[in-house]
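Per-chain residue numbering starts at 1, and chain names A, B, C and D are given in the order in which the chains are listed.
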Amino acid sequence: MFGESHGPALGVVVDGCPPQVPFGLEDLQQLMERRRPGQSPLTSDRNEVDEVEILSGIFEGETTGMPVAMMVRNRDAQSSAYDALRDTVRPGHADLAYYQKYGCRDHRGGGRSSGRETVARVMAGALAMQVLIRRGIHIESKICEIGGESDPDRFEATILHAKEEHDSVGGILEVSATGCPPGLGSPVAEKLDAEIAHAMLSIGAVKGVEIGSGFAAARMRGSAHNDPITSGGYQSNHAGGILGGITTGAPVVVRIAVKPTPSIAQPQQTVTLDLEDTIVTVQGRHDSCIVPRIGVVAESMLALVIADALCEQDVVLASRLR
Amino acid sequence: MFGESHGPALGVVVDGCPPQVPFGLEDLQQLMERRRPGQSPLTSDRNEVDEVEILSGIFEGETTGMPVAMMVRNRDAQSSAYDALRDTVRPGHADLAYYQKYGCRDHRGGGRSSGRETVARVMAGALAMQVLIRRGIHIESKICEIGGESDPDRFEATILHAKEEHDSVGGILEVSATGCPPGLGSPVAEKLDAEIAHAMLSIGAVKGVEIGSGFAAARMRGSAHNDPITSGGYQSNHAGGILGGITTGAPVVVRIAVKPTPSIAQPQQTVTLDLEDTIVTVQGRHDSCIVPRIGVVAESMLALVIADALCEQDVVLASRLR
Amino acid sequence: MFGESHGPALGVVVDGCPPQVPFGLEDLQQLMERRRPGQSPLTSDRNEVDEVEILSGIFEGETTGMPVAMMVRNRDAQSSAYDALRDTVRPGHADLAYYQKYGCRDHRGGGRSSGRETVARVMAGALAMQVLIRRGIHIESKICEIGGESDPDRFEATILHAKEEHDSVGGILEVSATGCPPGLGSPVAEKLDAEIAHAMLSIGAVKGVEIGSGFAAARMRGSAHNDPITSGGYQSNHAGGILGGITTGAPVVVRIAVKPTPSIAQPQQTVTLDLEDTIVTVQGRHDSCIVPRIGVVAESMLALVIADALCEQDVVLASRLR
Amino acid sequence: MFGESHGPALGVVVDGCPPQVPFGLEDLQQLMERRRPGQSPLTSDRNEVDEVEILSGIFEGETTGMPVAMMVRNRDAQSSAYDALRDTVRPGHADLAYYQKYGCRDHRGGGRSSGRETVARVMAGALAMQVLIRRGIHIESKICEIGGESDPDRFEATILHAKEEHDSVGGILEVSATGCPPGLGSPVAEKLDAEIAHAMLSIGAVKGVEIGSGFAAARMRGSAHNDPITSGGYQSNHAGGILGGITTGAPVVVRIAVKPTPSIAQPQQTVTLDLEDTIVTVQGRHDSCIVPRIGVVAESMLALVIADALCEQDVVLASRLR
């Protein structure tokens, strides 16, 4: 993955995709649309139609087994809006940490750390989903909570209320994969749930992840938590479809915690790059809540992890046939 | 890492450890002791003093830059206790998933999926901690909850109560690293929190992980969640010491959810390897709660992740000096 | 790296480049020019000015530590010239092997296996060379032989002679790096010479690689081959600057064997994709000898390997300072 | 892989081996025997029967899909013989380069850089060969030259002659794999020949590698070098079984150049660790020619590379079946 918020382009190169998978722009468009801002009063005003260009790896409508490169150009970038942030860091953002790490930074729109980098994830995820669909695996997500509210009827009001107060809210999303065969994943160091956790916490703003019963498991007895097994399958799914790092065949269920957007139009205490105290009020176009837009990103990441696991299990199955 | 619960030995090979780090058995012993079962009525009866043997990579008390291999032999293995499990799988364990994946399994004590594999993590972690200590970084853990109880005075009673009822409990642990310089970690795909999440969910029985405010962040406003920055440092630590995947210099704070031990001495509904219904009552020696023993394992995993990040940041710093 | 000969674009994403390295199109142009065909009667007629676009990772003339993506578009592609090859494979090329591997292929100009993929190597190499130059390391190459001739005055005549006879010739190149500090590389599995050999044989048409005295070493006595060491340095360089996988400080010297271009305008025995016998005469625009153009590609690969080794050694050095 | 010449043990952990591959000590013994020194006047006097211990990953005579760890202990180590080398480096060895890299070294018998590390390669290779045999692939090697002699009748005399003169000789080996299906390997960066070259040059003392016609290709015309293809297969094998990084189905043919053993019982000019001039005469037990013993090591490395490629191709084939 590559690209900065206000650089020429963002993109991704997907290595290792098997050949003969049908793939084209039409498979991308719907997913990209779900990620796109500027669609409703709830999201950022940066209204950029991301036109994906497929640069390689597709021939006559199918993958060839070669790397699939995809790219979107940045068009609606208003870099000058960020001039005030050249020497001042934003609380809740990685600005200061980046500068301390690298000794330099692209301050325009967060540079590489901008949420805009998620276009690359969605493009790659769209390809992974084509691999999964052919194997009968479906990925979906739903919002569990926004700003502490769990009633979907109140999600919009909660976001708008925060927005009016120049503030922001976070939430909880559930992402799941149905149709996974048993046997995906690896034992010990590379458990499938470890891979999923990595993928999810690599998304900016995600502060926690849980599989199946997750943190609730810590408060259950073993006799209640163990999923009884019968000839008809597992009788419950506290495991979230994964035991010992390997899929059971039950749906893979993942929940992630999304923090409130750090960019808020309120004065906040911060420092300059020289570590002198100052006040910043973040201007620009920001979502008061990114939870609705993160769903498709989280689905993409789950799709990528499971597609990888499918390929790895093909190796095991090929050996077992002999 | 390698080894099965009832095979000849378990071990680990640590590649990439820098040279001239003092390391010896004495640096291992205290950590190994904390992981060891059979020490109190609260833990498994398998009372095995794990004698570590350092096989390579240490010369005259220091690392040489070569791979450091460490091993413990299995001595107290009572394999025959597992004969009943040759054809029957245990609920809450990976038995069936492993068998469905590989078409075969080492049924003795869970084989590779046994919690005994964590000796390898602790051995490797002990070495990582030596790297960290020289840089002023300290790792520690504490138990936040056991079986839903958050009062430490009641932890032991909660476990014993579950044990009496042939049941088990889980809990929540907090692991933290203090003294980390700002700048550790990577942006986007390989965020430090993603690496930590991977490391934590690779530990068996861990069902969730959160960084800093974690799931609570999903219910906070941005104005409350953002950590104000002053010339004196961050004024709070909701971020848990990591922003945009990179350390801020504040303590790295991680919490993990541990599920109740699946091995319980109660009859449970399950199947044979041929997927025929049956009942299993798991015999053998098992912890009613592994939370007290998992602390040192989680510390080890955090130490390994941070030691890796330190090495990567050395590359960046070397470039910046020019 | 990504891209096909007749697809939309070819490109490369360089991960892990340290920050604050000055880099711009001007650092690329001269190297790209050396790789470019259509410059003389000796090379292919495909006269394509490759305009590089830097897509990410550079801000105000320097690397930021973020992935550096670079791309060139294909403009002068005459795909229809390859229609005859849709169902027929070319001897000496990977056409049949690709088809047998993937079950499909992009037949236009060799698709991914076209020598045109080397633009990506040169773009990445240009960046690596900027890293090396700052550390006093210089890479260069020279032609040792063409078509069996070792007299440079006869290189051009040898190529033109082969071209007149609708045939092609190969040759031998020497690539070297001066200024490498001692200590680059790794022992055993990841020796620096192993990495170099991998890099060189990843270039199409390269059939052999040797370090220092190479194959001649097999005919020398130990007493003659060992490079005597004095307080003033190594007194000879049969080792080619690498012992036990680690640089000695002497110049790193590598030679590669380049096979004759397989595309020749003569009738050759071959098969269709259905494995039926046929005759093919390869049309299109081809070099009669690619040796002159491969020099900059081999330099690029050596630069990438050494830049990686420099970064790895920075980790070791940082540890040793403590 | 891990271990030093005079440390407690050397070993290897093989990850990713598919399950249900029959494997036991009997599959190892013959190969280990071929690598072993002390068998004839031609080889080192270190007569150590390497007793392999399988530590994990095998259950009831078959692989389980878990990491397979194998180890041999060092028994016949005469460390005191190396006391003279604590402060003096040996020409032709990595002693000085290691010290300059790491700032420390295990001087006993070359430490990690000792040829004794090849026991780990042979153990791993033995497992890879079991994978290959089931798929009809066979690996073998032959000596092409020793000390410049290509007549096998004169190999022994050449070695003994060098030994009498307290000197050493090198040679050239050919390693080949027959029965490989077409389609193994990857295009561009990870070509199969690149992987093979890496594997071969990772063996100490190997200074060059060539595939098929190799360096001779540089002196051939394209019309002669291209292997004609017919419905009955390739009519020659100048390609050495690999085109564009992918197997053709013809035998994979690799040649390697082995330098003369650097340890010779003659006075040689060298330096101390403080870079002061001195003279060293290497004592200890050394082969005057390691070519006969390297064959099984090179076979092992080729087996490992091809076994990996088989697994990767299984992923592609699984996708193509859909």
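One rule holds in what follows: contacts are C-beta pairs under 8 Å (C-beta built on N, C-alpha and C of every residue); 3 or more make two chains touch, one makes a residue touch a chain.
The structure presented is a predicted model; accordingly, all values stated were derived computationally and were not measured.
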Notebook entry, point to check: Between chain C and chain D, which partner chains are common?
Noted result: A, B
Next item on the list: Select the chain at the greatest separation from chain D, using centres from the mean of Cα atoms.
Entry: A
Notebook entry, point to check: Are the two sides of the chain B and chain C contact the same residues or different ones, given that same means over half of the numbers occur on both copies?
Noted result: same
Margin query: Going by more than half of the contact pairs matching by residue number, which of B-D, A-B or C-D reproduces the interface of A-C?
Written below: B-D
Checklist line | Centre-of-Cα separation between chain B and chain A, whole angstrom | finding: 25
Notebook entry, point to check: Using CA atom averages as chain centres, what separation in Å is found between chain A and chain D?
Noted result: 44
Check: So, what's the distance in Å between the C-alpha centres of chain D and chain B?
Finding: 37
Item checked: Sites on chain D at which at least two other chains make contact -> 1, 19-20, 65-66, 101-103, 112, 187, 316, 320
Next item on the list: Spell out the residues on chain A that touch chain B in their complex, using ranges where they run on.
Entry: 1, 89, 91-94, 96-98, 100-103, 112-113, 117, 145, 147-148, 162, 167-172, 182-185, 187-191, 193-202, 204, 207-223, 225-231, 235, 238-240, 242-249, 257-264, 266, 268-271, 275-277, 313, 316, 320
Check: Can you name the residues of chain B that touch chain C in the complex?
Finding: 16, 18-21, 65-66, 131, 134-135, 187, 311-312, 314-320, 322
Item checked: For the chain D and chain B complex, residues of the former touching the latter -> 1-4, 7-11, 13, 19-20, 53-57, 59, 62, 64-69, 71, 101-106, 111-112
